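By letter and in written order, the chains are A, B, C, D and E; residue numbering begins at 1 in each of them.
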Amino acid sequence: MAKYSKKRSKKAGLPPGALIHIGEKKTEEVKITIVEYDETHLREQEVKTIEECFPFKDKNRPTVAWINIDGIHQGEILGKLGESFGLHPLIVEDILNTDQRPKIEDFEEYHYIVLKMLQFQGNDGEIVTDQVSLILGTNYVISFQEKAFDIFHAIRERIRTNKGRMRKMGADYLAYCLLDAIVDNYFTIMETLGEKIESLEYELVSNPSPQMAHTIYNLKRNLILLRRSVWPLREVISRLERGESLLIKESTRIYLKDVYDHTIHIIDTLETFREMATEMLEIYLSNINNKLNNVIKVLTLIATIFMPLTLITGIYGMNFKYIPELSWRWGYPMVMLVMAGVGAAMVYYFKKKKW
Amino acid sequence: MAKYSKKRSKKAGLPPGALIHIGEKKTEEVKITIVEYDETHLREQEVKTIEECFPFKDKNRPTVAWINIDGIHQGEILGKLGESFGLHPLIVEDILNTDQRPKIEDFEEYHYIVLKMLQFQGNDGEIVTDQVSLILGTNYVISFQEKAFDIFHAIRERIRTNKGRMRKMGADYLAYCLLDAIVDNYFTIMETLGEKIESLEYELVSNPSPQMAHTIYNLKRNLILLRRSVWPLREVISRLERGESLLIKESTRIYLKDVYDHTIHIIDTLETFREMATEMLEIYLSNINNKLNNVIKVLTLIATIFMPLTLITGIYGMNFKYIPELSWRWGYPMVMLVMAGVGAAMVYYFKKKKW
Amino acid sequence: MAKYSKKRSKKAGLPPGALIHIGEKKTEEVKITIVEYDETHLREQEVKTIEECFPFKDKNRPTVAWINIDGIHQGEILGKLGESFGLHPLIVEDILNTDQRPKIEDFEEYHYIVLKMLQFQGNDGEIVTDQVSLILGTNYVISFQEKAFDIFHAIRERIRTNKGRMRKMGADYLAYCLLDAIVDNYFTIMETLGEKIESLEYELVSNPSPQMAHTIYNLKRNLILLRRSVWPLREVISRLERGESLLIKESTRIYLKDVYDHTIHIIDTLETFREMATEMLEIYLSNINNKLNNVIKVLTLIATIFMPLTLITGIYGMNFKYIPELSWRWGYPMVMLVMAGVGAAMVYYFKKKKW
Amino acid sequence: MAKYSKKRSKKAGLPPGALIHIGEKKTEEVKITIVEYDETHLREQEVKTIEECFPFKDKNRPTVAWINIDGIHQGEILGKLGESFGLHPLIVEDILNTDQRPKIEDFEEYHYIVLKMLQFQGNDGEIVTDQVSLILGTNYVISFQEKAFDIFHAIRERIRTNKGRMRKMGADYLAYCLLDAIVDNYFTIMETLGEKIESLEYELVSNPSPQMAHTIYNLKRNLILLRRSVWPLREVISRLERGESLLIKESTRIYLKDVYDHTIHIIDTLETFREMATEMLEIYLSNINNKLNNVIKVLTLIATIFMPLTLITGIYGMNFKYIPELSWRWGYPMVMLVMAGVGAAMVYYFKKKKW
Amino acid sequence: MAKYSKKRSKKAGLPPGALIHIGEKKTEEVKITIVEYDETHLREQEVKTIEECFPFKDKNRPTVAWINIDGIHQGEILGKLGESFGLHPLIVEDILNTDQRPKIEDFEEYHYIVLKMLQFQGNDGEIVTDQVSLILGTNYVISFQEKAFDIFHAIRERIRTNKGRMRKMGADYLAYCLLDAIVDNYFTIMETLGEKIESLEYELVSNPSPQMAHTIYNLKRNLILLRRSVWPLREVISRLERGESLLIKESTRIYLKDVYDHTIHIIDTLETFREMATEMLEIYLSNINNKLNNVIKVLTLIATIFMPLTLITGIYGMNFKYIPELSWRWGYPMVMLVMAGVGAAMVYYFKKKKW
């Protein structure tokens, strides 16, 4: 599996607008849920066929409709939806292609927004992404999810219980809420990464192990991948907020400004984390070097102490006939004393030089 | 505790404007002090209930009021204040959330400014931040502090004693004074860091210890964190100073320009410090390498001198029946001389090669 | 052969517009194919002389003509073509010079676009480039290819079979299709590189070999060369898409926007890959350092254990007349035990220090 | 002493405009000299009291006056001057504060320019800075110097001797001359640094010593500090030259353009020097590594040659009763030959492997 | 000699416009050649006195004149020329000062362009620069060269032989040709550097020697110096080409655009080369580390095999009276077998661990 770029190549040569799903193949059914509400009414339903969604495209309908589609691996469903809602074929193609960069496309009748949901997975804390597409029309929002993380659960709950602002506002506010939920999800990711950095910092001082390099590498890779999702998001939200669109009401703009500030905050933290990870790696490398230094010092110490002593024993092990010392009565103890003295002098010398 | 990003995740899924305090939990009372002054009058008081602050929102009141709120962990107090002063719910939410990036929000009736106070804490000189929020209205300034560093003491003193400019100018000048106090505080931080760099530079030449790497890491981390507070500040002050706001009088603008210059100066120094810390780390690493080199040279020297000598003693320690040298009268002293000669030659050779 | 910059020097001193082919010399014939189509008709032919292409320059001809020229090493053919179609001499020179940076030149009557096709070649995965030039006129597209990769095969197929959109649209849509084919080709390259990075990541953890450094170097070099082709492409497509040209119809613009998004996506991935390769190299270097550390530890261990033992044997190998231990009945076993004890103590000490 | 940021903290909490001198304390007198000139007249004098300078503020005076003030540690003198010449209190504060970033402040009546003079000091070639402030009025220039480097001597000389352009032009040309003198001083600094780089390059090839790292560090630090002075200067001169000011005459503009070009040239050279210093450090580190490699090779060679030989002597030093070789007639010479052979083989092997 | 910045300091303190030649002193005569041509006529001459050039400043003269001045070390000649052709004194100063950054100065009557010619010199491939200044007037071009590389030879030849475009076009086209010749010269430099990189790449894989670091350093230094000449050139040509000048005719603009594209191409290649050189240095460093690793492995292997064997011989070399093995009949062969076994086991162990 190509982890870092999905198999787009199978589309090479096809005409634009070809409805080929790019991403992991799935066999489950596509799940379509509709929430329709205004200040006083609320209707939730799960529909079986895409055709049941078509009435909501009517601009004059007084309610707000939220159509959520879990699973985008069935191109023909999206094809019909696109045709009915008047989506450009390239947009439908983009929804199916899960290897998109976050972006926004403005049409007169609707906005198309692509975003990335992120989640940690597995033991080594790899980040997996889930592409979320939004179509914002006059009085409807269609959301497409690749996988079934139920990230919009809290919003559905808020629509149900909270009779206040949410139900009074239009489809643009709903779209804001969905964006906000995704950005809040990034904060959760950042917190986990922040905790990882903190524990790495602690480990760096207390007990730098060779595994640290790989942990730092994983951290940096996650930050690099995260950045790919967050940087373009900034542009997306900025364009929504700057207010050139008629689909976004003035009252919603301040909320979008708030999400924008959050995005900037996440980018800021991300860059800080990247710099800290870089610094940590450097300090880790200097630690390894220091350790090496210490090991070699021990080796040198050992060699420096034992080599002269071994030489002395070698000298008195020679078989010359005339070595006067060998026949001295106290020759042996004297040599032992000399050796002890030489050894002690070495140790003293190294201690003094603060080795 | 998540040191590098506060637990925003507990807000994930809540509607915008939810008054949840993000930061360390506290149990002390919130302390509210009011200073009201004009050129001739001065009234200072500490109030118990937030309702006592409400009269100051009156635009026609001839005095300037400074409401200082120490402690922001009680959402309901801020909620009431916000409602009374007409603050947008998202602003009140931002005041409570102490994990903000410095920013300014312009409304017709008031400006909202978020800033960061910094202080060194503990032995390893970690920097802790305190979020300061300001609301600047026509004739009032409300300041919110997370912790109880009394950073605005000097300003209070100046209002009390100095009957001059301060008391003659409006709320915008008061806001400038508060901003200036915070930027002056950054200069203090920079000085401490500058002294640390200087002592590191000295240590680098005189006695580079393995702890240095960690000191440099701490320094760099502090600079990274500092930058997160100072860079956005530049934007904040620039927007105030460029003068698109009616709340800032022309005469105050030159003072804001001065604070702006100070901010640029701090950013400049910060970047210089960062570069110097990077250079120092590199030089430190080259020092470690040099040390390693020297230790290995000693080892090589020892081995090179003693190995041939030990070989010689080994040769004459062999038990061959017919080794003519062994029975020579002066064999032993001759061998000793040869060994001394070999050793001296080695030492001479290494000296000459400038090892 | 100068791999990184082609021999332009042979043109130094020549007047501008000199029709000298810069690139590898070739001897094959230049192959010219013409596809002429509109919604109902289709005519494909391979022509022998360039003069047969001249009728297609007529603006009032109702069909779209695609003239594809394989091989650009015969300057005189291009010279005639240029003269007939009214191309500026510098443009003809640029088509011949295969060492061009991707660019677009706008003239009133036509656009000149230079692009780079890329392909992996050989065992070490070197990337080779093929320069593709396009001339887009009112109702014709002329494409020039340096080498004979048949990259436009799929498009020819689509013209033949698909009676739909392709045949209904004009020359601008054909030009878009050719651009799209080239950008799709980049996705294929990116996928291969992504897989290489993944396998490198795996190798980094499991078994970092010295060859890895060279593999990473090759990867980085490929990314550097790729960037040279892709970055300017962004500008080229952006200028086409922004729509200052009369040759591009409004309906084609959204397709160009799509290609533009793809280019941004490729650039993004490219930069991500570059960062990951850089990180990998750093981790690889830290791995080498760790390995070195481990080897030296083994050496130190060996020396530390055996040197004292050897010293002991040296002591009892001395030939002093009066060494009392030598004549003890259990002297030999005792010394052996002492040596075993010393060795065991060393091993225990190192184990405890977690070497 | 805080070398890298001066003690601004003693001003923390003071109102803006407080006349506190920030910099080294001095006890010498402030020296005030006045040069008044027009095409035909010239009057130079050293005055005792600041009051004698006040008449020159008169706009209608036909002469140009240059007031030079050496020493800015007496706040009250500047206070009086500022009041008389109508300088804003913040400007007077800035003149006193020697920890300024180069900048220009435009007022209707005058420009305030802060610049940095640089000089090498001491053996390790540390760069010290001297802050120079200029006030440019309609027909006067006031210059303030912190230290007594007589950098403006040449200009004074030119006014005295040269009856030509200088004396015919106004105060703006005088200001240009002062700026030019400061920028010329930077060229001198750059030359010295350029020579240092050249000698470092030579040393790098011929004899890289461990001190080199520190020399490179000093060089880089100087370049970092230099950059802090030169980068903002570019902005300052650019703003003067772009000509939004009425105080600068059209004829002077081309001279300012020339100074601007010089500043760009210095910045360019500075960045080049920085890059070269970075490269040199890297090469130096690779040299250290190569040296280490060589030393370890020697060690390995020694060990590899002597260890087998020592083993052989050990074997024939064993005391077994039945070692047939020991009693051979030519045993000893044979063993010696074998040892010589083994040693020679080793040396040959290493030579062949090009160690 | 200051290689990296020429002795401008001798000008410090002089008034602007002082005609001091900055560069290497020379004693040869200045050589002045004039080529005057129009479509039908051509006159070439070498003149002795600068006064003979003065007639060509006449705007109404129907011919184009190219005055080439080799050698700029005689200030007074340029002074006279400048006065006669109405050049600003600062321009004449700039022509004399060979330490200029490439730039263009626009005056109403003429353009002043400074460029750098580059050439390899000596064995280590150092790049030397030659400053070329151009004055482009209505119907004349004056070119100034510092050294006598005959770079404009080909153009002179083209004027002589080619009766075509060159002779029909004006002075602006001549200026373009001179610019083009200089940019073509850069391509030659780039090719040489490209070949150097290629051979370095080959060496990196096959046989990385310690000299490589210095070769890479030289390469990088050359690239740094080259960049200083090429980057500003881009600006110069861009300003000429954007067409704000009346001296450049519309028909010449497309040729300037072509030179501009070449400059971009060179910058692009330059940056690519810089990145490749950086990568190569890193790989080279990792190679050194790998080598070190291998050497230390050999050392460890040797020590690990021989130390236990030496210990065994030491044990049986001890002089204890009661060592039963010593008197065994097959003791010696047995010990030899044990030693062989131990050695073989070690070698097997290391082989298995893939050392």
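By our rule, a contact is a pair of C-beta atoms (placed from the backbone, for glycine too) under 8 Å apart; a residue touches a chain by one contact, two chains touch by 3 or more.
Every value quoted in this text rests on a predicted model; they were computed, and no experiment measured them.
Enquirer: Counting shared numbers against all numbers at the contact of chain A and chain B, is it over half, same, or under half, different?
Expert: Both copies, chain A as well as chain B, present different residues to each other, with under half of the numbers appearing on both sides.
Enquirer: If chain A and chain E share one sequence, what is the angle of the rotation that overlays their CA atoms, in steps of 5 degrees?
Expert: Between chain A and chain E the superposing rotation measures out at 145 degrees.
Enquirer: Centroid of chain C to centroid of chain D, CA atoms only: how many Å?
Expert: Using C-alpha averages as centres, the distance is 43 Å.
Enquirer: Would you kindly tell me how far, in whole Å, the mean C-alpha position of chain E lies from that of chain C?
Expert: Roughly 26 Å separates the two chain centres.
Enquirer: Give me the residue numbers in chain C that touch at least two other chains, ranges are fine.
Expert: 285, 289, 292, 296, 299, 303, 307, 310, 314, 317-319, 323
Enquirer: May I ask you to sort the chain touch graph into line, ring, star, complete or other?
Expert: ring
Enquirer: From chain B, moving on to its ring neighbour chain D, which chains come in turn until the ring closes?
Expert: Listed around the ring from chain B, going to chain D first: B, D, E, C, A.
Enquirer: Name, in rising order, each residue of chain E that touches chain C in their complex.
Expert: 153-155, 157-158, 162, 164-166, 180-181, 184-185, 187-188, 190-191, 194-195, 197-198, 204-205, 254-255, 258, 261, 264-265, 268-269, 272-273, 275-276, 279-280, 282-283, 285-287, 289-290, 292-293, 296-297, 299-300, 303-304, 307-308, 310-311, 314-315, 317-323
Enquirer: Under the stated contact criterion, what part of chain E meets chain D in this complex?
Expert: Answer in residue numbers: 2-5, 7-9, 11-16, 88, 90, 99-101, 103, 210, 213-214, 216-217, 220-221, 224-225, 228, 232, 281, 284-285, 288-289, 291-292, 295-296, 298-299, 302-303, 306-307, 309-310, 313-314, 316-319, 323, 325-332, 335-336.
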